[in-house]
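Read from first to last, the chains carry the letters A, B, C, D and E; within each, the first residue is number 1.
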Amino acid sequence: MEKITVTLISGRTSRQGVGLEVGKTSEEYFESVSYIELSAGDAESLGVGDGDHVKVETAHGSVVVSVKLSDKLEPGTSFFPYGIWANQVFGSETGGTGMPQFKGVEAEVTPSGAGVPSLADLVATLKGGS
Amino acid sequence: MSFMLNGVGIEDTFAEGFGMWGARIIITAKNRKWANIAAREMTGFATSVIACDCEAGIEREVPPEETPDGRPGVSVMVFGFSKKRLSASMLSRIGQCVLTCPTTAIFNGILEEEADDMLDVGASLRFFGDGYQVKMRMGDGWGERQRFWRIPVMEGEFLAEAKFGAVRAVAGGNFLVMGESEDATLEASERAVEAIREVPGVIAPFPGGICRSGSKVGSTYAFLKASTNTPFCPSIKHTSPDSQVPAGCNSVLEVILNGLDEPSVMKAMASGIKAATEVEGVKWVTAVNFGGKLGKFRMGLKDALGVK
Amino acid sequence: MGDLRIKGGYVYDPLNGVDGDAMDVLISGGKVVENVGRDAKVIDAKGKLVMAGGVDVHSHIAGSKINIGRLMRPEDHRKDVVPRTRVTRAGVGYSCPSTFVAGYRYAQMGYTAVMEAAMPPLGARHVHEELNDTPIIDKTAFTLFGNNHFTLKYVKEGDLEKLKAFISWLLRATRGYAVKIVNPGGVENWKWGKNVGGLDDLVYNYEVSPRQIVTSLAQANEELGLPHTIHLHCNNLGVPGNYETTIDTMEAVKGIKPADGRKATVHVAHCQFNSLDGDNWMNVKSGASKVAKYVNANEHVTIDLGQVIFTDTTTMTGDGPWQFRLWNITGNKWVNSDVEMEAGAGVVPYTFRKDNPANAIQWGIGLELALLIEDPWRVYMTTDHPNGGPFTYYPTVIAWLMSRQARTDIMREMNKSVLRRTTLPNIYREYTFGEIATVTRAATAKALGLKDKGHLGIGADGDVSVYHLDPTAWRPSMYRDLEKSLARAAYTVKGGEIVVKDGEVTATPLGSTFWVDSKVPEKLEAEMMKEVEADFDKYYTVGFRNYPVEDAYLPTGIRVEARGRWAR
Amino acid sequence: MAVFTDVVCPFCGCLCDDLEITVKGNEIKGAKNACAISRSKFMSHRENRIMTPTVKGKEASLEEAVEAAAKALASAKRPLVYGLSSTECGAIARCVELAEITGGVVDNTSSVCHGPTILALQQVGESKASLGEVKNRADLVAFWGSNPPAAHIRHFARYSVTPKGLYVPEGRKGRYVVNVDVRETPTSRVADQFIKVDHGGDFELLLALRAAVRGTEITEDVSGVPAEEINALAKRMKEAKMGIVFFGLGLTQSDGRHMNIDAAVGLVAELNHHTKFVLTPMRGHYNVAGANTVTTWQSGYPYAVDFARGYPRYNPGEYSAVDMLAKGEPDAAIIVASDPAATFPADAAKHLARIPTITLEQKVTPTTMLSEVVIPVATAGIEVEGTAYRMDGFSLRLSKVVEPHGGVKSDREVLDMIVERVKALKEDA
Amino acid sequence: MKELMLTPKKLPDLPLEAEAITPDSVAGKTLKEVKSLPVYVGNTVQKLGDYFDVKGETAETPSDQLVAIQGECGNVKYIGAGMTAGRLIVEGCVGMHAGAEMEGGELSITGSASNWAGAEMKGGLLRIQGDAGHQLGAAYRGSPEGMTGGVIVVGGDVGLEAGAFMRRGMLIIQGDADSFLGVHMNGGEIFVFGNVARRLGAEAKGNGGFIACFGGVESILPTYVYDTTFRPDFLKLYLRQLRDQLGVEAAGEYLDASFRRYRGDIAVGGTAEILIAEP
């Protein structure tokens, strides 16, 4: 299959916590947040494995990240650690509450040959205003 | 003294009316049949407060386009000697005769701005809902403010407006139709009642709108408050010392009217008398009064008929 | 700061026997003095009412409880917003004013000292942080003791000495000023979802009664010679028929020998809420005359009113079970907050209405207490802000006390048969200015042991309020003028500095925070500390050494020494 | 070698206060009792630090940077002050004052974490307790949409699962632990019972539980949870001696937002008719509770506060940072102790690059990378003292164990300078 | 009725707060005074005349005043907020808080409205021909009462939490309604002719309040119980009012419809009703 639809949930991990305290420009941080977790079943449907790159796309945007297999997730659910990578695909609509929806967002995942953007790449996009 | 209308002699006298509190209820139902059944039940045994708890009658049928819920309706009016008694009568009659009747709903027929007071009938009626009644509100902050109660019943829901307008009304409007035969007198009276139906705000609470047994106050028997109206009974014309039945008249029927106000009652009396005089065989029309002892309203037949 | 001469006002200073004499009040170096220099600034107070700055004996202005109130009530703030000025900070008012606004508004009414009446020890740091953001007024905070694990433990063990040591330590650790007791035992039971029903119910696990808690704390309080008596929120608050509990509680501490210099051994807070007669909210009636009768006959009791105001307000107490009950009565939003090992709290918005029979009776009770208790030195004016209503209504309460017409006018809007369940319609007493000065300043300062406050004698703090009101020309029919002038002082002087002029705040110094330093023998303290520390490590989630409030939180702290037998 | 004991950890809302920090010279050599993240914070606090202020990418003196910041803020019509949650309360108070004197908006990170919790509290209230109440009494502990091992690593051990308490002397054995989540997590592995709820189905499940607690038997599955499981859990909750629900962003950030919390509050309140029950939000940043607390006592409102009219106004969704940035409102922003460029949806974050953004930060972040003015600051809780409020609302004193790295000033000191300059500029205007 | 016409000139990029645009604040004033009414942009105070051409006449009293705005005001907040009488017509869209806390009169918007339109409305008529944003007619944060009276008629769709904490009055939505419609409602009536998303009536207490759905419902909360299918007489009254007095033609089609009746929210012991028209 070329494409699957998953429900994205973002959240903290202890690795992400450790990484951000080292510094957001650090390799530890990059490693801790520039991936999504997929269930084995979903990864298999996509034909991707640990470390392969996928494009995650929602109604709000898209980003390329690497894949990490999870034996805990059920097919159809994907976990995305908090960070600037995840925030490429979440929308800013808050429903009049101030809170965007960071969990339970529909996303399409496709295998990607592109590289995972660096922190600087993503900041550059923000600056470009595109 | 008297005057003539359509060849019929009309006595220059007055009907003596007295004050009562009146209310109007619009009963609606799935169709005319059930609206009428409810209305008839509700206005039964309500001819005269001599022995009934109130006086009530059907005012008219109300077409769907005029009712609040767009269903066929009947307008009934209820009269009582006090607000309290009127309220009690409405409550028991609505409770026993309308609430019980399939598909009905009731609405107030007298707007708050026209009413002298509002009777909170719903305040008591709602308790029938045993706590499951629901207050329905309309027109808060926009439009006309209204309150209803929705009372669950086995069939579905009984919808009742919460408050009903009550006015200081006039009871005891009347006229007597005297004819040469029973048939002529009855027909004339029926015509009179039909004409009266066209006048808004008035009911004739007696059977078919007609009363054959007019009564006078008191009796030779001490235990009776009222007895047959001896001066107008043709059959004892010559044995009763104070008979007022003119010559040639062999039957007398009385049309008794209650209305929301004096002009309506007088208008109804005029319409009724005019209609009655158009019947062949009617000889004489008069009205009953008690020399002002009964009530404050003196509704002269001349005034009513617009005769100078 | 230069000298100040407040010239020619009608001065009411009951502690010094001054009752409306036209005279000068002189201030230098922040204190009332005999002479000031020729270049002293002059405030022309001629034809005006002059009193010491107001001293509020019981209010909720700082800490987690009021801040929960603020947090949960944006709808309350929206109707009373306060823009910033060149001198003052922005904020919000009404029932849960922001810290700055609370300071300004007290000062605008001529109040210069306010007691925060309930400080959970674990929340003490928070209380002091807020007090440091509450400008102008002086403050104290009363530390909660009545449901503290160590209190219950020492009461159970009958170890009064260690209880005293504990009180001394905890007051110091929290920088508290008095021993506050809220629904003794009931709050601990509430941590299991229960309460106590009376003075002789038992507290789960500790098997002690509210009676034992109150009497032990009162005994310890007096033996330590703390400046204020125990400050007590009785059991069964808000329960019809509770006046009996209230009188029983007062009676329970009757035999205790008061500390030197006073006759009282207990202060019953917001007594209105605890003077209900009847069996339920349907037949509730006033028990005020019975409570007043007891107070009149017993010198060991002082009370404050907790007067009800007909308005929307926010109730907040350390009495968790009562707030739960109130939530069930009202269905309004409810916050409960239990504090490990020591206390709890609840917050529920509430609207007092004239047409609510219970509220009308409560309103009557507060005034009955004020008017039936003969000695103004033992009954103090409060609304238990914001429980009975916001403190900004104090001028209105004073008007009710001083003018029978003011009472009659508002009673006309209430149900007469309901009011007959109080004795208020038949009370004719009207307070004098001297009595008002007593119940709002002199007596409260005295009861609190704040020696330099509440009066204008030589050496007193230079805290003065001057009002646009000529007391010689005033009549009770002019109560509306009274309200207006008391609401906006002509001048409020704090420590010799003019902080309010014509009702506007002109300067915002940070007032002082008074705390009590009480001593017990070192050996006793060490023994107690050993036990406390052991339990602390096991049952608290905060380290023992991180528990006491650091000096950094008392930038304007003033230490007040207790005068017990171990005092230095 | 100096050992600081009883040190409070400035990372998450647990505010563990039993750390032992070993310092040699001005360097941290050890962090005993610290969790992995805490250790990283203490041990790596000197790594990747910004050493010099920059203005438009060029190195500048502190005074020049403050001047540039003050000018941008003083001349702005709609300045935004954002962040606040990872610094001490003194700095937070200055942020509120800065918003006030500039007629701007002050918002903190709670708007994107537990802001919905506050909205719910404002609707229906909250029954809560300090963490020690849980340790001492709770025999039923539920983690709902929260996963402490990821972000509150010592929570289980210190407060909620394993500690022995006054009335739970047996510790872990004395508690029944329930986990409700849309996925299995380390928490589910610890729990006695894991209830998997459908995505976006928490609200329905909470309502159904409340109805069951009220005595209505649930007859159909709700959000993928079998009816009998719901009825059984309701019964178990009612029969607990004391219960607690720790809820996290699984409720606040998913569909339903504040209404999920509203329903959780309702369930817990209902349970108080039967036993003792409380709930507590798992707050992330160590002083986000302080940001709410200080902002509330100063302005009356906890976050999303607008001072444009000179007095505070409050409306999350209108004055909250994500919404304002997404609409392109702010014409200047100052970010204190937070990284919105990384934590906000890109669509909102990019506005920060269009306006003068001033950032006070220790390390390089996406936000500093797009800021016009960057001012390095000392780390509160390591290099600076101050107050912080724990997730349950109680405050502790943060420690200073080393001198600020490179002699930088604290947030509070820098903000004091900015406030002073803005006041002066406003006076001149 | 005297008519005053406001035509937007170049509006600022920042939202303009213009609670001055009500019949109440212009009635009895000269045009010059009207132009000087304060409006707010960010932290600055400006004049109404800076952003609007003002023409026409002012009336003595608000009830005789018609104010007509010709042009897009999508970034103008508080239009008609707190108005008590008269008419205010906007030919275009409006920003947040339009008609919030209004007490009387009529506010008519031909375009769409942003969030909080008609919030805590007390009386009067608010018509929005386009869509409305979130929190239509809702309670402001913390307030226990949303709409306490008046009528809101929306031609298009509405966002989240419409009618939250409603106590009295009517909310009529001719398009679709998003989640949490009538959440916490405790009285009042809501009619939706389009589709209703899930969680309608959540935590509603009742007090006579109901939500009538004519165009289908995504799902009903598990804490609502199905009672019966019936033809409620009472609904006929509302539907006739909608059709005859408010011009909601679609209402006429359901006069004799049967409705599925659900009652809840039993999670809060509520007795509110959800009535769903049978197709």
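Note that in this section a residue touches a chain if its C-beta (ideal position, glycine included) is under 8 Å from a C-beta of that chain, and two chains touch if they have at least 3 such contacts.
Every value quoted in this text rests on a predicted model; they were computed, and no experiment measured them.
Within the contact network of the assembly, the step distance from chain A to chain C comes to 2.
Annotation of chain C and chain E: jointly contacted by D, touch as defined at the top. Take away chain E in thought and the touching chains that remain sort into A, C, D | B. Distances between chain centres, each the mean of the C-alpha atoms, put B farthest from chain D.
When the C-beta contacts at D-E and at A-D are tallied, the pair with the greater total is A-D.
If each chain is reduced to the average of its C-alpha atoms, the one that sits nearest the average of all protein C-alpha atoms is E.
Here the spacing of chain B and chain C, counted between their Cα centres, is 70 Å.
The geometric centre of chain B is 76 Å away from that of chain D, both derived from CA atoms. Centre-to-centre, using mean CA coordinates, chain A is 40 Å away from chain E.
Chain geometry summary: the mean Cα position of chain A and that of chain B are 82 Å apart. For chain A, the set of residues touching two or more other chains reads 95-96. Counting partner chains per residue, chain D has residues 119, 122-123, 255, 307, 309, 314, 316-318 touching two or more of them.
Contact of a single residue of chain E with at least two other chains is seen at positions 115-116, 134-135, 140-142.
Contacting chain pairs (ordered by label): A-D, A-E, B-E, C-D, C-E, D-E. Residues of chain B touching chain E in their complex: 28, 68-71, 105, 134-138, 140-143, 148, 150, 156-157, 159. On chain C, the positions that touch chain D within their shared complex are 62, 64, 67, 70-74, 77, 81-84, 89-92, 96-100, 122-123, 125-126, 129-130, 133, 149, 190-193, 205, 324, 327, 333-341, 347-348, 538-543, 545-546, 550, 552. Within the complex formed with chain C, the residues of chain D that make contact are 5-6, 8, 17-18, 89, 93, 97, 100-101, 118, 121-133, 135-137, 158-159, 164-167, 241-242, 269, 272, 274-276, 278, 292-294, 296-302, 307, 309-314, 385, 387, 389, 393-397. Contact residues on chain E toward chain C in their complex (touch as defined above): 139-144.
Residues 115-116, 133-135, 159-161 of chain E touch chain A in their complex.
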